[in-house]
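Heads up, the next two complexes both have chain A, just with different partners, chain B and then chain C.
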Partner chain A sequence: MSETAITMPGQARPARPVPRRSWLSEIPDLLTRIVAGVIATAAVGYVVGFTLWTVLISFTDSTLLPEYNFVGFKHYWQLLNSRIWQVAYLNLTIYGLGFILGATGVGLLLAILIDQKIRGENVLRTIYLYPMALSFVVTGTVWAWLLNPTIGVEQFVRGLGWTQFKFGWLVDRDLAIYCVVIAAIWQASGFAMALFLAGLRSLDGDLYKAAAIDGASPARMYLRIMVPAIWPIVVSVLVILLQTAIKTYDLVRALTAGGPGIATTLPTNVVYDYMFQRGLMGAGSAAAVMLLLSLLIVLLPYAIFQRLRRGKGGGHG
Partner chain B sequence: MSALSVEGLRVRFGSVEVLKSVDLAIESGEFIVLVGPSGCGKSTLLNVIAGLEQATEGRIEIGGREVTGVPPKDRDIAMVFQTYALYPAMTVRGNITFGMECRGVAKAEQQAAVARVAKLLQIEHLLDRRPAQLSGGQRQRVAMGRALVRDPVLFLFDEPLSNLDAKLRVEMRMEIKRLHQRIGTTMVYVTHDQVEAMTLATRIAVMNGGHIQQFADPQTIYDEPANLFVARFMGSPPMNALPAKLVASGSEIAAMVGPDAATAVPLPNATAAMKGWVGREVVLGIRPECITLPDGKQDTRPGPSLPATVEMIEPTGAETMALIRVGQSEVMARMRPDARPAVGSTASFAIDTAKACLFDPKTESRIA
Partner chain C sequence: MVEARSLSALGSRALLYAILIAFAAFYLTPLIVVILNSFRSFQEITQTSVLGFPQQFRFDNWAQAWGSYCIAGICSGIKPYMWNSLMIAIPATLISTLLGAMNGYLLSLWRFKGANLIFGIITFGVFLPAQMKLVPWAITLRNLDLSNTVTGLILIHVVQGMSFTTLFCRNYYVNVPQDLIKAAKVDGAGFLQIFRRIILPLSPPILIVTVIWQFTGIWNEFLYGITFSEGSARPVTAALMALSANIAQAREYGIESASVLIAALPTLLVYLFGGKYFVRGLTAGAVK
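Our next item is the complex of A and B:
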């Protein structure tokens, strides 16, 4: 993979030899180190500190304020057996799979289309990247309007003359979660496209010529040559989308508010609900810790994969 | 049989005309080298022949068949790229079989073809590696293997050796030549390296500025360059070009490269066309090896000699090059390895004018 010059996020750069300098020139350097050190310490302190504290609280019976009367795994068992938690995780599974595969697929397709026809590329790229610049709240609100049966697409199509047209997914218990999926795909596929396009563009242009002489159809060329060649980027995009999916909270808040009923609730919404709506800090913390664990279950294999790949590649990674 | 014929080919990218009326007729079994400086349109010509780029005008025939509008895969060609363009995620075997896979060739047949090519190129032990795990020379071989397995009527090479180090380049050059002698398929080989051109080609096409300047066998290109560009481009160091005035002395003519008669270089082989230029300004072209320091040991023909100041010497081991000043011009001379004329001294250099050329200073064409 070394020729394709793909750099992975989080991949360490080789250390450069530092030339010797006088002590005077090291003052700004020292200052930088101190400032960076303070910030890093604070950040690590907050993240690690509050994570540990949340874990601690999750074993207590805290309600509105933290208390330290330990109850063991009580909240965990209750959560695992509660309907809302089961619904939330089922939703997360549907949403996660649909969103990740959808955004990756749409992003890849857009990247390939743009890669094929270079004309107007900048305009297209900007158009598809714009949703990324929006917050999930805006996306959620806009799609809430679009999908609302009384003011959105349904009304528009009826206005065109199809008076029997129905598009009521948003208010349908079983289908509302797919509205969340669609809105999230719309938001993230531009990002996926930008990364894939950058990857495709980093490939040697002669590859396309070689494939043309070998007689590969466009589909075969991309599936067998180009996409495998940017595989590290594909994996990165999948991982980024995965953790975005698990963290999603605001989209559901703005688009469906978890409804109808609890039909589109995600685990993050449950955490917020316990913590701040119902004032059950112990249970909320337990939910948050379980969410963190699911994130780790997903990200650890990726970290191991990265390490293995770097080791195996022998500098070719 | 004609393997490739190009007639009146023009290629324009927007307002830039990259190829301006190119004609080539290549017989089956030839090894044609397209040589020229970077940016002169060599790759463009190759890409148009391969069908990877569209010609603005003109006609191309491959193996006697007109190929306008025929896609690259159906042109019965194979191409080796400068960057090799190996498919990074496939093994060597996958790289070689991919074309057959696209054409739906049976698996057993594919494996037999891979085995044959791998044996020919001695890459059997590399078949299950990926391109990233190969050295430059090995990638080069795999790229050749991918081309060879197609068994085309025409091979196209685009600077296939320019990414290799000097030693490997010489080795691979010989291997390519051996390969051609063995399989006998027509090859069109692009390079900017005139040594590669001279050593490999049965005929060389020297290109510059979108034109083919001269298309001839290597010896003709070297001895009778069509113009000053070809004279300067081929040969290392290049042919010396001295402004001179043609004068008549008795029945012979001479080129006066300095202000006085002492600098007159007699031209015994002068043609009638040259005689027509008596009394006019010309450019005298002499190869460095035709200017040397005479000494008692070597059999120097009694020829004309020219006084010149030695400005610099460059011993290379096999020979010693000297930059000398003749009149207003700086000239390269090639001397025996142990010659060490003192820098700044004036010496008398022997000149072999048997192969001297004259050029028209305006059009830069050779005066035959």
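Our next item is the complex of A and C:
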């Protein structure tokens, strides 16, 4: 019961013998087992097979159609030395840092504030979390309007009388990436809030009492005692946000289309561009494999950390 | 002394609520902007900005967005794309959930050698970026003659969704006592009978979480949709993108706002009415 938030009702229900024979029981047991095995094998085969297939193609000179003439690491070297790939990773670094720190910070702040026995908690939580139910396309489209200087906030504030007001990040090469950061924080900080709040609520009430008796100020109490007590959740949130950042694609496409120029182009955009705009399947696959490697650098230590933390028992994924 | 203290407590309480309400405003602003714009005229928006209150509430944006506005040369509004998304999301959600439940049951209660390895690999599929699967899917769909079809996208989302649904269900079933299964086996029940008579009746909580998770995810999915569909076969997210990428004509922010709202409505409703399960899905997926 420990690892999921889901409770299991009716667990104590006694096992019932199987009295009535339905048409289902006419299906031979062996056949159903084989079918179940085939489904599980397909799920495994999909993950392993498609991954290896893309890796294979990344070593070929495939363009519009797959061709299996191998060129070794050619595409990898070319990509690593190309400006677009370097800029995309630089953009990802700025965006990733801004987004992860921003969403974690906002999420933690909101979780701590909500934890102060406030009124209207349910309404506020619903409001903070609803962007998670939306598509990144919707988020990107709407934020593109708000941040657009000719139709959004800049124009609105000028209309209020500050005619010199400027807010043109979206069309500024150096600042456009922060527009992506803002929109992404808007979408995902509620998620961080929900996880942190669940963590704080799971803490023992005695911890609060002890901290209160200690006479620590609330801010100190949280930073020194509560947040360290939920550090596994903090790590989980950071890792999930990091992998969200690496995978971000739709948001950029809807918000900036990678521009101005390539100022907000992320590695995922480059992959798509190579594969389906330029018709360079081999090079696009190499880019996808490098994307996967970036992800593994994050996920493998996390998986090992999770395994160590749980001990050798359970053996949960 | 006491008075000063309670006064400062009152002050910090007020500050607390001020911050909470300021953030609520931050989260709500885009939604309110879109709702208000959907009732404003083209001239009204372009003469001022997207932030404004309608001079009068007009409903023609909604009618056009739904049934007649031109998206990439097809003048039938957003209606057919909503239909496509429904036709993709509903079967894909149901099938992937069922298969995930079967997988979860197999991997948690019929413990066999390698079950954990299989589960580990399937879970890895949750993290595998879609970009790693685009080329194989392109080739597979072409070979199956399913390129640019709703059926092709259903297939993708069923297979793709199995990683998530297996993860959710397996982690739920792993808490079912093994004795229950043993007793049923003694009674002569087979693989499918145990699933149907013992496991499924225990499953509604996790199945609701899984269905909500899958429906929201598939509805909001964009990359597969844009890659493997064109023209009138597009799901609604891809149609929205085509709508806002339309540079041939002046931006109709009012109609676009209504379209965005229509496209977002199904998942917003699921969130409002099934919020509890939505959050459970988020945390269950995250804690693993």
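What we mean here is this: the second predicted complex is superposed on the first by the 270 of 317 C-alpha atoms of A that agree within 3 Å, B and C clash if a C-alpha of one lies under 4 Å from a C-alpha of the other, contacts with A are read in each partner's own complex, and residues count from 1 in each chain.
Assume a residue touches a chain if its C-beta (ideal position, glycine included) is under 8 Å from a C-beta of that chain, and two chains touch if they have at least 3 such contacts.
Since we're looking at a predicted model, the values are computed, not measured.
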{"item": "Which of chain B and chain C A:Pro228 touches, first, second, both or neither", "value": "first"}
{"item": "Chain A: partner with more touched residues, chain B or chain C", "value": "C"}
{"item": "Partner chain(s) touched by A:Thr126 [first = chain B, second = chain C, both, neither]", "value": "second"}
{"item": "Contacts of A:Val142 with chain B and chain C, given as first, second, both or neither", "value": "second"}
{"item": "Touched partner set for A:Ile100, first chain B, second chain C, both or neither", "value": "neither"}
{"item": "Partner chain in contact with A:Arg220 - chain B first, chain C second, else both or neither", "value": "first"}
{"item": "Contacts of A:Lys209 with chain B and chain C, given as first, second, both or neither", "value": "first"}
{"item": "Which of chain B and chain C A:Thr51 touches, first, second, both or neither", "value": "second"}
{"item": "Contacts on chain A seen with chain B and repeated with chain C across the two complexes", "value": "1, 3-4, 316"}
{"item": "Residues of chain A touching chain C in the complex", "value": "1, 3-11, 13, 15-18, 24-25, 27, 29, 32-33, 36-37, 39-40, 42-44, 46-51, 53-54, 57, 66, 106, 109-110, 113-114, 116, 118, 124, 126-139, 141-146, 151-153, 155-156, 159, 186, 190-191, 194-195, 198, 233, 236-237, 240, 243, 246-247, 249-250, 253-254, 257, 268, 271-272, 275-276, 281, 284-285, 287-289, 291-292, 295, 299, 315-317"}
{"item": "Chain A-touching residues of chain C, taken from the complex the two chains share", "value": "16-17, 19-20, 23-24, 26-31, 33-34, 45-46, 48-52, 99, 102-103, 105-107, 116, 118-125, 127-137, 139, 159-160, 162-163, 166-167, 171-172, 174-177, 179-180, 183-184, 187-193, 196-198, 201-202, 205-206, 209, 216, 219-223, 227, 237, 240-241, 244-245, 251, 253, 256, 260, 263-264, 267-268, 270-272, 275, 278-280, 282-284, 286-288"}
{"item": "For the chain A and chain B complex, residues of the former touching the latter", "value": "1-4, 204, 206-207, 209-217, 220, 224-225, 228-229, 231, 313, 316"}
{"item": "Complex interface listing, chain B residues touching chain A", "value": "47, 50-52, 71-74, 77-79, 81-90, 98-99, 102-103, 131-133, 146"}
